[in-house]
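Following this line, the structures themselves.
After this come two complexes, each holding chain A, first together with chain B and then together with chain C.
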Partner chain A sequence: MSFPDLNFSVLAPIGFVAVGAMVVLMGEVFLSRARTFLGREITEAWIGSMLALTSIVFLALAIYAAWAAFAAGSSAVFNPDNPMLRLDSFSALVSGVIALASLLSCALAIAYLADLRINHGEFYALVLLATAGMLLMVAAVDLLVVFLGLELMSIPIYVLAGFDRRKLRSNESALKYFVIGSFASAVLLYGMALLYGTAGATSFEAIRAGFDAESPMALIGLGLVVVGFAFKISSVPFHQWTPDVYEGAPSVVTAFMSVTVKIAAFATLMRLLALAFGGLGATLVDVLWVLAALTIFVGNVMAIIQENVKRLLAYSSVAHAGYLLIGFVTGTIEGYTAVLFYLFIYLFMNLGAFGVVVALAHRGQECERVESFAGLARSRPGLAALMTLFMISLAGIPGTAGFIAKFVVFSAAVKAGVIWLTILGVLMSVVSIYYYLRIPVLMYMKEPAEDAEFAEVSSGEALVLGLCAAAVLCFGILPNDLTLPLLGKLRLLDWAQESVKLLLGA
Partner chain B sequence: MLRWIPLLPLAAAAYHGVMLAFVRRPTPRWATIAISCGSVALSFVLACVGFWKLRGLAPESRVLVDEIYTWISAGVGDQAFSSDLAFALDPISAVMALVVTGVGALIHIYSVGYMDDDDREDKGFQRFFCYLNLFTFSMLVLVLADNLVLMFVGWEGVGLCSYLLIGFWYSDRFNAYCGSKAFIVNRIGDFAFLVGIFLVFRALADLGAPSVGFADIEKHAAQMAAMTLPVPAWMPFGPDWSLVNTAALCLFVGACGKSAQLPLYVWLPDAMAGPTPVSALIHAATMVTAGVYMVCRLSFLFAVAPEASAVVAWVGGVTAIFAATIAIAQTDIKKVLAYSTVSQLGYMFLAAGCGGYTAALFHLGTHAFFKALLFLGAGAVILAMHHEQDIEKMGGLHRRIWRTHLVFLAGVLAIAGFPGFSGFFSKDEILLAAYTSHVPGHQWLYAIGVATAGLTAFYMFRLYFRTFWGKSRAPKALRDHMRDPVAWVIDPLWVLAFFSIFAGIVGLPQAYGDWFRGWGVEESNSLAKFLAPALAPGEPHALAHSTEYWMALGTVLLAALGAALAWLLYVRRPELPGRIARAVAAVYRLVLNKYYVDEVYDAAVVRPLVRFSDRVLFRGIDAGLIDGAAVNGTARTVRGIAANGLKYAHSGLTQGYIFFMLAGAVALVGYLVR
Partner chain C sequence: MTASVVFFYAFAALAVVSALGMVLNLRNTVASAMSLVVTMVALAGIYVLLEAHIVAVFQIMVYAGAIIVLFLFVVMLLNLRTDAFSPGRQKLVKLAATLIAFVVLAELLRVLTTGLPEAQPLPEGYGGYAQVGVALYTDYVLLVEVSGLLLLAAIVGALILAKRDIG
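Showing the complex of A and B:
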């Protein structure tokens, strides 16, 4: 028996995150028992900060590993005899972005958790575990690993959604997410089983080779896999959990999951479509077209009548999933590039928007009603300005990154001849301006309802919000030419295109 | 180097802007003064250097170009349009730049004293200098631009600054109203100006040189003269309009707006609501002459458009005499000067339309000196009178503020055309150009010019006598404390007075130049010779020197008559004007109320327009159709879909969600399998 020639460097990003989770978990156990650490007395808040810093360090290492792999441009599989995990420029890029989003979420969480008195170290461990699951998912080239990653991602997030144990809505959110998520996982697993049944293997390559477009078994399997992912990206009609879960979960968890899960699920779906389903069959295009149209329409229209900011942002994220699906409908390199680029930008603007909600939370009284934003420009001018920036970016107004993202998607769609869907997308973007701008209007043009007293912005929140705002502004002006000291030139569009080209084998 | 002439004042304006908007702490006053006045003075030095360099070049190659970068680049192939951000210094722009920075620097210094007490909570002092520097920058862009598009940028920039400065004391609603009026009336002219630019561009594009650079216009002017513009046959002069004439007329309408000519002059008298240094700099010396400058700058275009030139000349002539008659009855010291400015600008257009571009530019320069002097002198009077502007409440000031009186008198003599003063020579040139030109009815234009000269002398001396002579009509308390203003205010006036008297030497006509040969005047007509390469060749003066002397004598006599009449009426027999006014009450009221032009405009244009905008455009179309039906209607529909339909699909119950997922999955798989 010969030992396979394993390539452990493929595991580096996932490994750092997973090890980080263990370290945080063990650290919490020992620190919470100890009274003093290195001679100084320790408090719960201090433990929280330390664990957050530890997670940030491990996530930074993961980002570095992913970046190194991307820069090297290599494409390596973990086990050449049985390729299940592949670290190529696509997965490296997406892994780095996901790890960055997790890192920012950790930084956002420190003050928030302390304020809510739920400053338990498991939080960071769970975030890291979920992140490990996402990294596993996007590196997978085998259905089994995809499912493994999906569950490793989902289960910690079910727990995170109910992290505020004393709050009823948080519990409701966790339970709903868990029940519906399990259902979706079952559907996905069923679909995978059927695909295995047709192809006789679970690797993407084998499925592509053995896929028989005539056989009902293969088609049902394909449909069920699509349904499973449509759930994760909250596409209509599989979206209904989204507002409830986003609303009930602690705001920082919402910020984390709204961004990372979406990126991971979209990237994995992209890989599946590109590698396993051999581009797109004409029938699948129709399905995605209908899903995109429904998602854009329902997401935007339902957002209009929301009175809770987190629900509003939930429907907004549904709508954005619809715009992203347009990129899939095109099936071209431009379209896929646009999706990837959109996801990067979405990370900054959505995390920023939720970050403002997080920063406004105070002593468990979350600033969640849309009305509670009235007059905010007077009491907290900085946060009001940031929120305005994120709102106009989400609405896609020129000068912000959100505009470039939408523009790239729509122009790819027009080039590919997907005209009616683009028209719907543009029209619905107009509708979206109504609910996005409602918040700045309230902040700047209305008197505050009561003498609201808010907490100071913590340094972690300030850092995250500042970074997101800078990204939204800079990428809005220079999406492909931003040069920074140390980091060099940030060519987001080129990077996205490079990895998509590799993915599609062009 | 050229770029620094406009950029220095811009930098100063930017400094003030940053200090006002972002730093928001009181800044030391000496820094404000040093940066503001220093930047303009440095610009003036640079302009002098540029002027000197130009003089060193051969006459036909006298142009310095500073290309900064390609500003607009559009289109492909032989229709590719490109426009540079480039400044050009040629004889005309050099003269203009010297006037703008020179007179500008003096007025900046004057303002230090004039605005000294403006120390309110909105940091009036620094705000004022911010605008003033911004204006200088815009004006220099306008003057130095080497193409029409960049010129338009400066054109709009000076309009903006004019608006900001007229309404500088914005807490008084009337000032804000005057600012808006100036801006809106100018907008009408700007629209025509833009159309003119497009027509020029179109013509040049058809000739294979798609650009709006002045050099290209000059090169292709002769070819453009033959081009036509197809219009619907029912229009007058259809079906083909001469393209140059149309373009030149459009451009001239723009000039009418900016230079306050009939029928768009109404904003200038109201612009006097601004601080007096603003009136001097913007509404007398520089900005309002931009239209004259533009016509001269495009002299090659106007030279091949004889009909348009005739219109220019006639509009100028009619404006000159029209405004002069209004000035006779005004009692506000600044209003008199404002109408006088309108009248003098009319003079310049009269010259330009008759082909006397040199004469127009000459008068532009001398007028800048003496009108700035008069305005600043009026400002000094106003300061001494504690912001009283009505000449009915003045009188007898000549002994109390004798320095102001002296410089003011120099300005009055210059504008009235007293022999030897600058205004005499430039006015003479204009009348000569009108006399010798081929514009239809040029003899009448000449007569109008001479009559206006007489009227000018009359109303200027009326102003002078009412203000400085006779019995004082001011309250006693004020009378006892009256003194000349501080040195900041009075010193620039000496410089301006010097130039008002002697600036005529640069353009000494041949007829007089010969007298002074060997007295330090080496050549006559040096200004004309300097400007000649940059201007379209004008009409030659084919007049004997003796004829010139007779003509000048006639004008001077008429002016002297006007002055004497003013003396008689306002010093010798001060009771007479009232009796005359009563005797011809109808005429007097008509003139006093400025021929009711504002009222007519109000009734014929403004009110119908406001009513139409309010009833139809606002309430009917905007509020009713767009807001009501289109915007709110769709909003209601979309909201209705959500609130009355989709909402019920969202039950909040897990089993409901799963039901929809299941239904969706079945539909999806069902479609795939089919």
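Showing the complex of A and C:
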């Protein structure tokens, strides 16, 4: 027996996040026992911010590790005998983006959790564990790792959805997500088992080599895997859980999961399609075409009639999943690049929009109804301006990053000859302007209904919202050559294209 | 008649009797579930006779341990009364169960009539504790560690949802 030559540097981003989770868990135990720390009195709020800060530090380390791996442009596997995990430029880039989204969610959560009096350290530990699961998923080159990563991502998020235990809707949301999510995992696992049956191994490479597009077992397996992921990305007709779960979960959890789960699931699906189902373009394109068309149509139409902002944003996220699926239908390098770029932009605009909802929450009375935004421009001019910016970006109006993202996806689709789907996408984007702009109209042109009392915007929230707004504006004007001090040139499009090219082996 | 044949018939008889006990015991769901435990343990005994020790241990841990405990929890928490098992409600269940039973029976008959393939001798130590342990801590060490993280997440989650004081 010989011990394999393990390459632990591949684990760096995941390791930082997982160790961070344990430090946070233990840290809370020790801090809540101590009365004073370095001569100052310990309060519950102080412990909360300390733990949030710890998580932010570990997530920043993970981002740095991912960035270093991306900049080196190398591709390394964890175990050469049995490559289960591969840190290549694609997984490094996506890992960094996911860790960034988790970091922003942690910063957003500090004041919100203190306000709701659910300021438990376990929140940050669960966020970090879920992030570790996502990082595993996007770096996997083996179905076993994909499944374990998916579960490690999902289980903490089921719990986070029910984190506000006093609220019945939060409990309902957690239970609903748990039952439907477990069902989706079972479907996915069944599909993976069938693929394993056809290929005789679980690695992406073996599945690619052993896939027989004529065998019904392989096709059923492929279909079940796609359905499992369709649940996670909330594609129609597997989207019914989305509005209920997004509405019931605490707003900051909704912000976290609406962004990170989508990025992780889409990136993993892309990796699966590129590495495991490589030669299957023709088999899958029709399925993805139908999914994309249904998702765009149903998501946008259902969003029109929503009266609750979180439900509205839930259906909007369904619609955005549809635009992203267009990129998959093309199957070209441009299409995949567009999907990746869209996911980066989606991070900032969606986290920003939910961040405003989080910032408006006050003592558990969430500002959720669309009418409660009436006259907000007078009472909270800053938040109203930010919300307007995120809404016009989500609608895809020029001058914002949302426009560039949609433009990149649609132009890749036209180049690949996916014309009808593009026409549907553009038409439904026009429809979406109606429901997105309803909120700014209410904020600027209506009188406030009653003198609503709002909490002050905390520094964490201000920082996150400011960063998201800056990203939406700057990437809207300079998507590919924004130069920042310290960070250098941010070439989002080129980075996405580079990593997709390496992934597809082109 | 060697000792292992005697043991095989003993375990097989126990499995059949306790399986019948589970199905025929309509009054008491807890007793039914306990009969299922006995069936699972008897099957584990047969696995031991086949020298599949690790499968036998998993059989006891997973089926006799975890799954039956889950069944008992559900039975006790839901507190089902006899009217939940009234004949009208059970029609569909019975139909489905009969269908599945016939499928299994047909499969069994097919295997018995066509005959089983000749048993191949296994390599030394195949499927034993040592080999499974080595595989888990070399080729699959990453998955073992990730499973640990998954269990940690589940424990923390369960404590948060069930134990934390509602402030």
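The working rule: the second predicted complex is superposed on the first by the 504 of 506 C-alpha atoms of A that agree within 3 Å, B and C clash if a C-alpha of one lies under 4 Å from a C-alpha of the other, contacts with A are read in each partner's own complex, and residues count from 1 in each chain.
As a convention for this text, contacts are C-beta pairs under 8 Å (C-beta built on N, C-alpha and C of every residue); 3 or more make two chains touch, one makes a residue touch a chain.
The structure presented is a predicted model; accordingly, all values stated were derived computationally and were not measured.
Judged by the touch definition given at the top, the superposed model places A:Gln240 against chain B, while chain C stays out of reach.
In the superposed pair of complexes, A:Glu214 makes contact with neither chain B nor chain C.
Judged by the touch definition given at the top, the superposed model places A:Glu41 against neither chain B nor chain C.
In the superposition on chain A, A:Pro156 makes contact with chain C only, not with chain B. By the touch criterion defined above, A:Asp81 reaches chain C but does not reach chain B.
Look at A:Glu447: by the touch rule set out above, it reaches neither chain B nor chain C.
By the touch criterion defined above, A:Ala184 reaches chain B but does not reach chain C. Across the complex, chain B meets chain A through its residues 635, 638-639, 641-643, 646-647, 650, 652, 654, 656-658, 660-661, 663-665, 668-669, 671-673. On the chain C side of its complex with chain A, the touching residues are 134, 138-143, 146-147, 149-150, 152-154, 156-157, 159-161, 164, 166-167.
Interface residues of chain A, counted against chain C in their complex, comprise 1, 3-4, 6, 18, 21-22, 25, 78-79, 81-82, 84-85, 117-118, 120, 122, 125-126, 129-130, 132-133, 136, 144-145, 148-149, 151-152, 155-156, 158-159, 162-163, 165-166, 174. Chain A meets chain B in the complex at residues 176, 179-180, 183-184, 187, 216, 219-220, 222-224, 226-227, 230-231, 237-238, 240-241, 243-244, 283-284, 286-287, 298, 301-302, 304-305, 431, 434.
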